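Both complexes shown next keep subunit A, but they swap its partner, so subunit B is in the first and subunit C is in the second.
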Partner chain A sequence: MRSMESWFPAQKVVGYGVAAIAAVLVLYPVYFLLQAAFDVGDPQVRPPTAYGADNFGSLLQYPQIMLNTLTVSLAATVMALAFGSLMAWILTRTDVPGRRLFEQLMAVPYYLTPLLGALAWSLLGQPESGFINGIWRALGGQSHLIDINTPYGIAWVMALFEGSVAFVMIAALMKSMDPSFEEASQVIGASRIRTIMRITLPLAAPGVLGAAIFVFAEMLGSFAVALVLGLPTRYYVITTAIYQMIQQYPPKIQVAAAMGASLFAVMWAMLYAYRRVVMSGSYVTITGKAFRPRLLDVGRLRYVLLGICLLYLFVAVVLPLATLFFASLQKIAVIFPTAENFTLDNFRTAMTMNAVRSALSNSLLLAFGTATIGIVLMGLLAWLIYRSQLPGSGMIEYIVMFPQAVPRLVFAFGLMWAWVVFPIPIYATLWLLLIAYLTVFLPLGVRTIAGVILQIDKSLEECAQMCGASWTFRIRTVTIPLLRPGLVAAWLLLFIASVRELGASILLMGPHSKVITPAIVESWFGTSSELTAALALIQTLVVALAILVLVAVTRRISAQPVD
Partner chain B sequence: MPASPGSPPSCSTPSPHIEVKGLELYYGSVPAVRGVNFNVMPGEQLTLLGPSGCGKTTTLRAVAGLEQPRAGEIRIDGVPVFSSAQKINIRAEKRGLSMVFQSYAIWPHMTVFDNVAYGLRVRKDSTSEITEKVNRALEMVQMREFGSRRASQLSGGQQQRVALARAFVFQPSVLLFDEPLSNLDAKLRADMRIELRDLQHRLGITSLYVTHDLEEALAMSDRIVVMRDGLVEQIGTPDEIYSLPRSEFVADFIGSANLIRGRHRPDLDCDGLTALETATGQLIYGMAYGRKVGLEMTVSVRTVHLRISQERPVGERNVWPVKIEKTVFQGDFSQIHLYWGDQRLVARCAAMEPIAPGRDVYMAVEPRRVVLLGAGNS
Partner chain C sequence: MVERTHGKFTRREVLKGGTAVIALPSLGIAAPSVLAQGVSRSPTKVLDFMTNADVAKAEQEGQLVFYCHENEAGTAGIMEGFNKDFPKIKTSYVRAQTGALYNKILSERAAGRFDVDVIQLSDIAPAFDFRRKGGYEHYVSPESSAYKKDHLSEPNGYFFWTGVDPAGIAYNSEKVAASDAPKGWKDILDPRWKGKISCKISASGLQFVQWYTLRKIYGDSFWKEFAKLQPRAFDSRVQLFDRLSKGDDMITAIGEYPAYILFKSRGAKVEFVAPPDGLVATPLVVGAVNRAPHPEASKLFVDWAMSKRGQVWYQSNPNLYYGSVRTDAPAMPTGVKLSDFKLLYPSDWDEYASQSAAFLKEWNSMLGL
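Up next, the complex of A and B:
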């Protein structure tokens, strides 16, 4: 039955199967979130006894929270994009010394986690006890130089530690751009600045816009920094407000749900706009014709650019780590300690706590599982959405990108609400966290892999097909090898994202399934900042070791360059 | 599978290798192909020729199975691989075809050898067989010594040769070419054209070729399908297409032609020639070649068929005094712009003494070179 084959190919079965899994992962918790948002009956009774929109009306009582959220998110997005674009351009397009090393170091703030950044900058920039302000007063300054517990302080830390995504996305874009576009401009006499303004930036614009939307969504859903830096002055953004409403007694579940639902409605519209941008621009920049990227000779300017790179790494890596290390060695953290103030007790306490050890191993296990299952699931989804011509692939993209529109905390709330009533008892286990991670990181993984897929000339796959290769054979021999750098990057991103995850974990972890990041937050607010600094450093060290191993392994795997 | 009249009939004329009937293909609501019919005979090289956007590549991709048509039927060896009526759509990899892509599509993560061996590995040939066939194929495209190179270390012409070897190494029944030479420079293109033609003859393989390059089509094809706006304008041998264009579009697109409009004068027809009177009263005799003769007609005269002389040539028909506007020297020939009454015509003559602008000379053309275009063309 030759004609029947075309109606049941492996491609369609796998495609729709994967799409169905993604749909269940995303829509099941969203359903329960919406149910709670429109529940106007007795909050203690499930399923709801009455439905209505009153919860959304009551949001008007919190205008300050909305304003706070917008201020912080916009400021952080602008800063992150500025840092990210500048660094991406310097490191991919100019001959600044040590580019390769810097490019690898650029990911370090992301590895460090925004939580660690917030803890460190809190120690540095609190108006009274902050180290920087201590030095300021020692130099004769009045009151304080900086106050980190302000909206722009929060945005600064967010941009430094959560803005790496902007760099990664923009750098990938710039690397894939055919340099002959820029050379063509220079050849006809345009200056470098003009070339950047008229050629490089417009070409990069759709990608940068995509990055902007992505980063803004990240900032809207950002939780750790606002929690650590905002809580002392009761400066709430939407995520910390929702957390507060769920945690307080009695909890305001319904208003929190309505708040989350409103937030993703805004993001939904932004994703629609993003989709239009991608559809209108051509991203096919890598063809079967291989080209070699060429670097811009920036002359003396390269030392200025080198300075910018060093400064960025100083404020985002060296200073925070040094601060935490300095604080973790003291009984009471101060800028000018006496000799007897130094101690190793914080590390001793941290290492002997069973809770910390199990939280750390749980986190690593979860990250490994999430990344490994994730690249298979998300790789297939990305291919399905951007390459297959299966009907409904546009719909699948919306569903897959949905979690980006929902702050992780809110999503976790939906998950919690959903899986509590699920017949299989996975609530408060690591399985629930695995499901949560796979769900909330769908956009991250799919977007990362899609970025590479979009750059691979379609005819490379079609040619394999014309050679007679079946779908599974060409996926294995052509698509995956070509995607390998992207898949490796996606695996790493997923692993790191899982280890540093806070928003979803803080609500979903059970007493016997603790993970590391929420454990650190508990320590910050519950015990001492010195012990927390030690904990954060231990976490960082373990993650760094894991990443070093991974880098070594992936180097060997991808020893054959794909250029 | 529904009963298909698969086995070729045993009559004297060979049955076509590829049949395309009533092919329609839309991108969303935009028609790309609007009802195309043609056959490719076994061992034949058929070229789809037309300007960009005429639907030639889309037609090729539909034959390949890379695009799904809305309507029509495609048969290979008499077996339908696509049929909207029978709801048949065989996947590309099952059609037993092969294709050379415009971008070459050389896989950058494989060596030249692995690129060429791919189709054989798909077919699970033995290692020794693969080595032998790949080496033979690389030999044929003069790339034997490049087997261990990577794609990024090859020049455009070399990538082209590898793409070609990869396409024919597994002995497909049909080779499809999607503008394979368009990314090469002119000199290389001319060489590859001859090489490709030789190779196709040596392999005796049926090929369907897409190009927008006229010279390429004329030099390489057994027959040409001229396409425009998703429709077929004319099908014929290169000579037929060139000498006997059926429409103004074909006359204009294929080489350079003068188009002359006029009114039919049946009273002056003689010796099987058709007489045409232009608006300015010039009389020109041409041949209808069996086409229907209407009242208002257009004839096409190739620029190379207009003969210019200082003396009045012998003969009575199709000889006129003309005035030189200018002569443009182009190396192998000179292009002469001239006034024929009110109308400006162009003639191409083999290199000759330049004639001063404004000179009065004579122009002549054999009536058989004056081709009546089909009626119903604008």
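Up next, the complex of A and C:
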């Protein structure tokens, strides 16, 4: 009884502490966002001079944009989940050759950034100037072979470059699954396919569903791909429409805020459905029984799976990078350049640009800070939501998912208004960006870690508790070691997500707190696609080196067996 | 001269009330009543221009914070030019499109944050608004004597035209024969350009000017006919010329001369057409912001930007290539002076500013927004 009393206050203090931090991070800017959504006064005057619901009424003027958004987001989500699940299963559960290398390469499309993916595929797939279509015509083809500016072309690129998160989330979950279930299935005579369908997929269901909700929200908020590939055919989605609204003078920020706020309802409905699913069944795969992750012997199928891995990485990594490299060596990127069109000036210019120096180091610093602080904060939040029995802990999940519901372009206004009036002078500094990243990536971190937490049998913690372990001791010696692979994956995911963050950074960067991805977008707007390609390649190289070092360190940690 | 506070100034009023004030600066003598509002010391010569700023104090302040609508490379270019001449003043900047940038500075000021020294906007309408809201510092530069009154705020001292961005029509010379190329503005309405013509989005100040001026000349139906061509709209002149040079679009209805120079120098197969009715043009306006954290540096920057030295920099930087309205401005890198072009501006800037909502509605609706 005494031990119960000794750990309970610690649990309460930590639980309510992180809940309070999350609530402040999220609800403080959300308040300002909602205030703007109901602001019907002069858009240039803050605080608002009049309130009403007219901004929500005006959303009815955009049915085509809503339809476009749903079409592209659904198509991209389906594609991303298909790619993500298949690749996660191949690379974590089968004995496909070179899986460690492939697994690391899977993160490349994610940190390449959707903008660069879109830029590369735009160079490849424009009907007129696209490299693939140029080759097609040179071989005697008529018109064009592919058109990347169609809704499904946009969804394809979104799935490749925004959807990697599905792979990371599902892979983290699959890594933590006890293979004895699958082995038992095979021992009693089930085929490999039947084992996958009856054991693997049902066990992965909550993680996949969580990833589906998350990816769909990510696609709803996807901006760069629709901007690059949608505008040439006047195919607008919510984010590109919002972008137009907030850029023009006078900006329609209130309508954009209403558009963003209305997405809260969509997100809550999806989250409610998710919670109903995960709470109604048992998805525990990590129990008191010790296991080492073992791989499924897929026989000759491994070469087919290897082919799938190679094909995926070719279209998502090799082809885009090669395209960008080819473009970056030219004055004006064409598929059949003349000798005088080649130049190294783009790299020369890129190396002298401020973006490559201070912005890149700022980005790496912020990414390290966000991932390190985030993993503690988000890990505790995930534990609070799914493991603690503190009153109101379920509500925290709804709060945490707020930032995912709103395109970051819009959420950034809430953050700006919130922190510009904050008495501590963090506005326009890297601290503001750190707070912004911790806020906007709360859903990503919590969702990733939650997928793993759900698989840990509560009895392990309860056992430690019954043995007299305090709450902090139990977390340190039982929960965290079990979560280690998932936490390492989440750390890397947060690191990469921070480096490539665009929507919030654009507005929140101060004169002394520039970061890299907006600088690359700026380059695309203002210089040339060739120079932008060079910048992107430099960014990719530096971030790749940083990740390689981090992976080497984290591999040591995650390689330690869970006993 | 009585200072108007509601910002309603017509060209006629300006001409009627300002003759004496125009005459004095042109002789190198600033009107004392105007100068007295913002100047407490005699102009001094620094490098090859005149300034009322205390240069030593500006260097002691050591920083300049610049808010600018221009793209990253262009904004960095402006700062680089100033920093070359004043290496002791560290420059930093924030850039965004005019709408978002203006909202940002207003939000900051409403919250009591005054971090900005100088602001440059691509549209005169928000500059009027900022002036009305008392956002600009009143500072009359000694260099303003080299500018016509039309290119200065009224009264002088709030903002000035740091450059002009003129636009005609541009086409891809591999896709369009010179004989088939448009010759004048009405030629862009030819149905053969359907789906092959580009323009800018409604965030563009220049696009607003083009909509306004051509509507005045050719009537309301001009843009309705244009809408039938299903034009593709983009953010920046670079994007327009990038697509044009690769043949993704055949012509652009708003071919900015600075972008034409840039792409031509890279060997792009693009040609520029200056319609006989004139090039549409928009001013880029610069002004010192009041309650600036580095007030002397901000004055020094305004003087530098107004000076021949600064204007040459603006005109010759590849990411800017703004045409200078300074009366003694040299030619642009192409050998052409801005004054060689016939330029189309709104004749009444207040009336122009009042049409903002109508423009946004028609333009966004045309683009399917």
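Note that in this section the second predicted complex is superposed on the first by the 484 of 563 C-alpha atoms of A that agree within 3 Å, B and C clash if a C-alpha of one lies under 4 Å from a C-alpha of the other, contacts with A are read in each partner's own complex, and residues count from 1 in each chain.
Here, a residue touches a chain if its C-beta (ideal position, glycine included) is under 8 Å from a C-beta of that chain, and two chains touch if they have at least 3 such contacts.
In this text, all values refer to a predicted model and were calculated from it rather than measured experimentally.
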{"item": "Partner chain in contact with A:Q142 - subunit B first, subunit C second, else both or neither", "value": "neither"}
{"item": "Subunit B versus subunit C as contact partner of A:L460, first or second or both or neither", "value": "first"}
{"item": "Superposition-derived comparison: subunit B or subunit C, residues of subunit A touched", "value": "C"}
{"item": "Which superposed partner A:T477 touches (first subunit B, second subunit C, both, neither)", "value": "first"}
{"item": "First, second, both or neither for A:V334, with subunit B first and subunit C second", "value": "second"}
{"item": "First, second, both or neither for A:Q247, with subunit B first and subunit C second", "value": "second"}
{"item": "Subunit A residues within the subunit B interface of the complex", "value": "1-6, 9, 287-290, 292, 389, 457, 459-460, 462-470, 473, 477-478, 481-482, 484, 560, 562-563"}
{"item": "Residue ranges of subunit C in contact with subunit A within the complex", "value": "65-66, 70-74, 76, 92-100, 102-104, 106-108, 110-113, 115, 123, 125-126, 129, 201-203, 205, 230, 232-236, 238-239, 242-243, 245-248, 263, 266-268, 319, 356, 360, 364, 367-369"}
{"item": "Subunit B residues within the subunit A interface of the complex", "value": "1-2, 64-66, 68, 86-94, 96-99, 101-109, 118-119, 122-123, 151-152, 156, 159, 166-167, 170, 176, 183"}
{"item": "In the complex, subunit A residues that touch subunit C", "value": "43-47, 62, 64-65, 126-129, 231-234, 236, 241, 244, 246-251, 253, 331-334, 340-341, 353-355, 416-417, 420-421, 427-428, 506-507, 509-512, 519, 522-529"}
